[in-house]
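What follows is a pair of complexes built around chain A, which joins chain B in one and chain C in the other.
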Partner chain A sequence: MTKGPSKTASALKRQWPLALLLVLLFTALAWAYLAPGPAAVGLAAQVDASLTASGVSSRVTAVLLNFRAYDTLLECFVIFLGVMVVWSLRPTTVTAPRQPQAGAILSSLERLLVPLMVLVAGYLLWAGSNQAGGAFQAGAILGGAGVLLLLDSSPLLARLPKGGLVWGICLGPFYFLVVAVAAMLRGRHFLEYRAPEATLAIVTLEATAAFSIGLCLATLFAGRQPQGKSRGENSAHSPAWEEDS
Partner chain B sequence: MTMLSPSLIYGLTGLLLFVMGLAGLLGCAELLRKILATNIMASGIFLFLITIAHGSGTLIDPVPQAMVLTGIVVSVSSTAVALALACHVQEAARRHDLLQKKRGTVRR
Partner chain C sequence: MTNPALHSSAWLIWPVAAPLTGALLTFLFKDHSRRLGLFFAALSSGLGTALAWQILGHGPAHYALGGWQPPLGIALRADGPAALMVMMTAITGLAVSIYSGGYFQSRRRNSKHHALHSAQEHAFWSLWLLLWAALNGLFLSNDIFNIYVSLELVTLSSVGLTALSGKPPSLVAAMRYLLVSLLGSLSFLLGVGFFYKAYGTLALTAIINSLSLSPPTSMALALISIGLLLKSALFPFHFWLPPAHANALTPVSAILSGLVIKGSWYLFYRFWHVELIFTAVGLVPAILGGAAIIWGAWQAFAQQRLKMLVAYSTVAQIGYLFVAFPLLAETSGQGHGALFYFAISHSCAKGAMFLAAGTFFLQMGHDRIRDLAGVRQLLPVSSFAFGLAALTIMGLPPSGGFIAKYLYINTAINQGLWWLALLILLGSGLSAAYIFRAVSAILSPQLLRIRPALVVSASMQWSALTLALISLLLGIIAPLPLALLEVS
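Take a look at the complex of A and B:
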């Protein structure tokens, strides 16, 4: 499948207008970035001024889960939607090449790293209230742990309850929604929570969001809805294109 | 001319990555390359946003940082969706090729 030098050269010849346009675009962007203009006004001052009302002392966490919590709520649902899209697609015959036998290195690495990753994710979650860290970082690390388990097709995964995955994925986004609506029931705006009770709300939101994000990322890596063994084997033996023709 | 400070280098690198990703997105025919190119574009934008969050003042703006943090996770999930769809496209193309081949032998 490698392209010969002549083919590459002709492709380059064909694409020179695109290259020219992109060089122009970069020049324009760089000029816009470097050109002297009025100093950028960030929101750092406003965030600092109302940090005490947010319930946490980390600025980024305050922005994520209090000041702009609506964005974060939507982003949790975007990830949730990604999982739903992947699950609703029919399984294809085009998948990763057949997995090699899980080696001793992978399984011992998994045994060493997964508990450590869970620990680090917990620490990041806890640290998020007053320094760098939080739900998204913890979720990413949990997702990595899940990927490691999936690579080894670990027996741990087979022991997980079947419905638990769906509940775990729904937990984060829908708990967020519940907290948001609960604020309305108390006579406030959607997602409005303030200092005394905000800390509890943010910490629980972060914990559930991190759990669900980690599960979602690992599920996305798996690429399809987990099925019973017999069904999975059947679909592997009869490629879809044979059924159609 | 302004001095080439580290934040300037980061900002220009971010812009360069964005344009390189755009080149891959527009110039490559293969879907996998296009998906990778959008990822590179997103990385460039993240780098740029983080750089302008530092700005010129001493205060670091947390809002772009929060945007990047969520953006990374969202880009991972959108990449996963794109890859799942690309698998379907490849399967459909393969099925189409097979059908064409079959018809060709019937005609002969």
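Take a look at the complex of A and C:
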């Protein structure tokens, strides 16, 4: 009872300059936000005007996958890049303590939840065309399902096709690029698609993106690239950087 | 909204789309990553050059992605400065890529850890091609939220590349770089929010053209500027740069110093080249730049390791990129010429310098300056490249660096900014001092007692020399890049 508060008090004492700085920053931001200045109406009216041409009836999906699809294309690459960077880090010599064997509760929970999560992800994907939802939400839920499987070191994981993971991760960004360039081959702009064929393009883009995002998130949870048996990495035990330049 | 002088051109998307495809393919086909990487590097370089050529011939261009015009959609825009930056990335990027081919091969050949070096090379090619795409996207984008996304791609791939060597100091540096850069990104994003609230559009040119200073817009500019200064490592935000640049793998050092810092600097220029702002706070970046020139040169002079010296030299040279902002107020456009000429010469020369320094490191097993004597005997081409690049960094004729500094001083005197002219002269003197320390060791007449076998490949030596020659050539063909810059 005595230790906790006094510790926080001394921490506060040491960090008061930081706290002061943050308060000042917050005040400045609030002042700038509330102060008079040019105020625009935003783009909602323009979004509504072009909604019929976009192929979907949800404004958010229309913005993310049609009007500003280029941003979403690059965002897909950001997630892909995250996996790439994590895999490029060299495995450390420190090994994590072995996970205790997953209990019966976890495995039955997994059997119960994973099929449901896949179903919910599919629903969110479909719902995205006319209400809130879409690739990133569905991908997050798929990623969660992947984490459950990983926690239990489920035998399902061992049955995945070899090299399938790498292709699965690349599928979303790759399909996005294919759709973008295919539009150009038909004499249109990069990423240009309009109703009615836009609906198909958007649904397939979302599905592949969700799949890859889910895989990427689960892979990020796993931490490092699963090692194939043929490629022995000898670096795990020898700090080879000593000879590096 | 759209300027009638702009023509629509699909060429704008290819310098982004080609390296993006390359990043995916090199990631997928692990066993062919070098061949694929070199192929896509050549392709991206060719497409970047083609774009610059087109802009020079046909004037500025724009491209509405998805066929949606801004403010609803995102547009790319290529004018003179953007095309020049894409061109710079094409040249330095290609030279670094050719160097990397030889670099990873040599390291693999001379090491027991084959699997390790293969894994490093595989990761390098995909990260580097993604970084290339993101840089081109940054230079060409005309949408501030899209610029934020491109900045994120640039940051994350640079951090990954920095950490690639796996040495503890480079991991620490990469972590620091990540934290500083994320802070910069958040600051930038907050500024984007303020701008959108004020103007209802994300199109950069539309915002800049209707800019008027009020509390929200000043806050937006301040947040964006601070974010970009953090990412550009301008003094006093430079602390993360030297360890990150000096401890990375050599091609990565050249990429970080030659190209990545130019990305955030270029954006800073985009936001700041409005006369309105010069009159308000134009001196702030200039003063910080002046401090960077002196502090960076001083630190470079004190370094014992060659790569650290070159990295601190970058800190000083970033100062030159910002010190010229008061000069942009002049209408003749000479200030812009000086600024961009400095950027492109520095990119080539610093790239060449890092590549040569890394070649010495790989050959000798260290880069202690005082023990480098005799290296010219083993690596005459690399030593020559280092010496030529040094000409540009010091600003001696006939190099590109000389043209840049001549334009700087000329413009400063025309505007009566004597202190600026003196500062630039002082900076040149200081850079001569630290460069001379390195060059005198490398070119010393002392001979090696034992002549070890050559472990570096010819492509590593010659790519550095080509880049150094280009930095020299920029002093002779000055009218061509300046003509490209004028396109607007």
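In this text, the second predicted complex is superposed on the first by the 201 of 245 C-alpha atoms of A that agree within 3 Å, B and C clash if a C-alpha of one lies under 4 Å from a C-alpha of the other, contacts with A are read in each partner's own complex, and residues count from 1 in each chain.
The definition used in the following text is that a contact is a pair of C-beta atoms (placed from the backbone, for glycine too) under 8 Å apart; a residue touches a chain by one contact, two chains touch by 3 or more.
Worth saying up front: this structure is predicted, and the values here are computed from it rather than measured.
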### Message
Quick check for you: in the superposed arrangement, does A:Pro196 touch first (chain B), second (chain C), both or neither?
### Response
neither
### Task
Figure out whether A:Arg188 sits in contact with chain B (first) or chain C (second), or with both, or with neither.
second
### Query
Once the shared chain is lined up, is A:Pro161 touching chain B (first), chain C (second), both, or neither of them?
neither
### Task
Applying the touch criterion given at the start, work out whether A:Gln15 contacts chain B, chain C, both or neither, answering first, second, both or neither.
first
### Message
Going by the contact rule set out at the top, does A:Ala180 touch chain B (first), chain C (second), both, or neither?
### Response
second
### Query
If you stack the two complexes on chain A, which partner ends up touching A:Tyr70: first (chain B), second (chain C), both, or neither?
second
### Query
Between chain B (first) and chain C (second), which, if any, makes contact with A:Cys170: first, second, both or neither?
second
### Query
What is the contact status of A:Leu220 with respect to chain B (first) and chain C (second): first, second, both, or neither?
first
#### Entry: Footprint overlap on chain A, where chain B in one structure and chain C in the other make contact
29, 33, 39-40, 42-43, 47, 68, 71, 75, 78, 82, 85, 89-90, 240-241, 244-245
#### Entry: Touch list for chain B against partner chain A, complex
2, 8, 11-12, 15-16, 18-19, 22-23, 26-27, 52-53, 55-57, 59-67, 69-70, 72-74, 76-78, 80-81, 83-85, 87-88, 90-91, 94-95, 98-99, 102
### Query
For the complex, which residues does chain C have touching chain A?
10, 13, 17, 20-21, 23-24, 27-28, 63-68, 71-74, 107, 111-113, 115-116, 119-120, 123, 126-127, 130, 134, 137, 145-146, 149-150, 152-153, 156-157, 159-160, 163-168, 190, 194, 196-201, 212, 214-219, 249-250, 358, 361-362, 365, 367
### Query
For chain A, which residues count as touching chain C in their complex?
28-29, 31-33, 35-43, 46-47, 50, 66-71, 74-75, 77-78, 80-82, 84-85, 87-90, 166-167, 170, 173-174, 177, 180-181, 184, 188-194, 231-235, 238, 240-241, 243-245
### Query
Contact residues on chain A for chain B in the complex?
15, 18-19, 22, 25-26, 29-30, 33-34, 39-40, 42-45, 47-48, 59-60, 62-64, 68, 71-72, 75, 78-79, 82-83, 85-86, 89-90, 92-95, 134, 136-137, 139-140, 143, 213, 216-217, 220-221, 223-224, 240-241, 244-245
